[in-house]
Amino acid sequence: MVMVINNLHNKGCSPATSTNYSFKDNDNQIWVTRSGIDKSIIRVDDFITISSEGKSIGEYKDLRPSAESIIHCVLYEMFPETKFILHSHGIFPVLISSRVYPEFRIQGYELQKGFPHHQTHQTESIIPVFCNNQDMEYFKKELMERKRQLNNNCFIIEKHGIYAWGNTLLDAKKHLETLEYLCQCEFLNSK
Amino acid sequence: MVMVINNLHNKGCSPATSTNYSFKDNDNQIWVTRSGIDKSIIRVDDFITISSEGKSIGEYKDLRPSAESIIHCVLYEMFPETKFILHSHGIFPVLISSRVYPEFRIQGYELQKGFPHHQTHQTESIIPVFCNNQDMEYFKKELMERKRQLNNNCFIIEKHGIYAWGNTLLDAKKHLETLEYLCQCEFLNSK
Amino acid sequence: MVMVINNLHNKGCSPATSTNYSFKDNDNQIWVTRSGIDKSIIRVDDFITISSEGKSIGEYKDLRPSAESIIHCVLYEMFPETKFILHSHGIFPVLISSRVYPEFRIQGYELQKGFPHHQTHQTESIIPVFCNNQDMEYFKKELMERKRQLNNNCFIIEKHGIYAWGNTLLDAKKHLETLEYLCQCEFLNSK
Amino acid sequence: MVMVINNLHNKGCSPATSTNYSFKDNDNQIWVTRSGIDKSIIRVDDFITISSEGKSIGEYKDLRPSAESIIHCVLYEMFPETKFILHSHGIFPVLISSRVYPEFRIQGYELQKGFPHHQTHQTESIIPVFCNNQDMEYFKKELMERKRQLNNNCFIIEKHGIYAWGNTLLDAKKHLETLEYLCQCEFLNSK
């Protein structure tokens, strides 16, 4: 997972100390990156255990988890099969987010097949775009209300970035790369 | 070949688990990448043998080859000297494909010499652009009908990507890089 | 630090032999890169000691420090906690600088939190843009007069590049990446 | 030198088997890359000796040097101090070349100091743009007639690429990076 994060950083998807990542272990314990880590030097040790309310627990209880941990917790609760969640600040989702709010609709690209359940590029994909709200309760509520739109295993936060998840690390990475690529296509095409 | 594929992935040409690659061995057996492999971690073992109809055979008969294997088979049949076929989802061919359908015409660039038989940049290069059809029989028919336009050893599929081939791996890579570069030039110039 | 500089060079932030970097050691001695070094091959040995007026001193007194050393000295004097200063020629700050002179204002991006003291993306960030003056006394005067606007630990020089600093190397890198990213967003958005 | 070429290839400056490179050894013998080499795998052995008329000589007389070897020879003759010549197909000089023909004028950028003799960014830099002529005699004549405009140690060939040179490899690299960067700035600014 650290390798995937390093690669995302090298592609400019986690500038400054932004973004966060999590996984669920075999005992269903959630591990999330702690706050403020530069993603070029992140290590396995920078993952800490959190409760289902997003608070650090156990031997890590004095460390601060990512401020957005609650989003991870809600996703794991809504989609029990999910094992990995990735969050990227790649520039194209950020650039296109304001223009397409409250949803990013896309059709006709082969790469849409990178989303789950897409058998053909002719299907329209709809990815929800949420406000960049500081209040984590907002996300909890919005995610649950728009659950049906989360069937592509990803969403966009306006002028912020994207979340993508999967039952395996490679699945989560696939959904993230698919969304980043499609945002780039649509942004460059619309210029 | 694995190194070439890894490099293409690093350049963003094979996001998600997209794209596929093949080669023909000294016994004229075709090997193609199996379906669903992340191209950042592809290994020699991920190539499997297929029949001339694109079905997996021999010890690999239980694995699923790339859904587009039949395109590879048709190309090997049409161009018996071909030994390597590369397929990329690089963003610029995808972006320009809808605008130039059904053919990408280009003239005046030095890099056109990267195509076979081009002695001068003043020659016009014509690269066919096909629909992104799910029906592989469509490609079989179109490829044979437009064989004359395949003399640059490459073609584009609309909003999907490109195919490029050659008698050696380096030749195939050369044709792929040439087409990607020219699509980027024309797309950026047209904005 | 050498690793950070190499990475910046690989991202195109220090083309030719441009840009310069400094740090302050535990004895408050300033070390700055000497003039004319290609940043792809910079080594620890290419840092030399300078006086608070930006002249090379000690065993390095015969070597020429970066022409902009005085900017580093002024910053260390104005912000005594600062230990690291990075200077980049990344293309997006250069491209946007003329359009936004004399200040780059930005609001609504999550990544603004990469700046110090930003609790929310709704705050407006103001980054000063200075003229690209050859006269170092100009910078000394401007920096002191606009000190209040330097609270994001960075500034832009028109058609030249950016300076960013911090109490640790990672902090300085964070401020630099934040500003580069926001300049890219605003430039691409404005096209 | 091989490392510099590999890096240029990785940045997309030598797609397909394009571009060529040369140096002059201590005996004033010119060595140039032979024709058709993929620059991702170029080795020291791929440099061959040529006569001052651009023909391969000595033990290499059966190998074909780059078709543009005569350009290298003319430059070495015009500028006897020159030891290294680099040729790039970077996309921004290619994109801007048609718009600015017959010369690329630039002013106000700090990075112009990457050119020789530039003390200030306020000086206007003028870089000649030549036609992409297949006839090498054209270049011989043009280069000599516009010698005064070659004082920045580089020139552009329309829709083809750039040449840059220097008395050391790092100087040649510096002039190349400076021109690539300035072409990118002006192209993106003009969109």
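The chains carry the letters A, B, C and D, assigned in the order they are written, with residues numbered from 1 in each.
Just so it is clear, a residue touches a chain if its C-beta (ideal position, glycine included) is under 8 Å from a C-beta of that chain, and two chains touch if they have at least 3 such contacts.
Because the structure is predicted, anything quoted here is derived from the model rather than measured.
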| message | Tell me the rotation angle, 0 to 180 degrees, that brings the C-alpha atoms of chain A onto chain C, to the nearest 5. | response | 90
| query | Can we say the copies chain C and chain D touch using the same residue numbers, with more than half in common, or are the two sides different? | reply | different
| said: Using C-alpha centres only, name the chain that sits farthest from chain B. | reply: C
| Per the centroid of Cα atoms for each chain, what is the distance between chain C and chain D, given in Å? | 31
| remark: chain B and chain C have mean C-alpha positions lying a whole-number Å distance apart equal to 44
| At which residue positions does chain B touch at least two other chains? | 191
| query | Hey, which chains are touching each other here? | reply | A-B, A-C, B-D, C-D
| Contacting residues of chain C [partner chain A, same complex] | 7, 108-111, 113-114, 120-121, 170, 173-175, 177-178, 180-181, 184-185, 188-189, 191
| Residues of chain D touching chain B in their complex? | 12, 15-18, 38, 40, 89, 91, 94-95, 132, 134, 157, 159-161, 187, 191
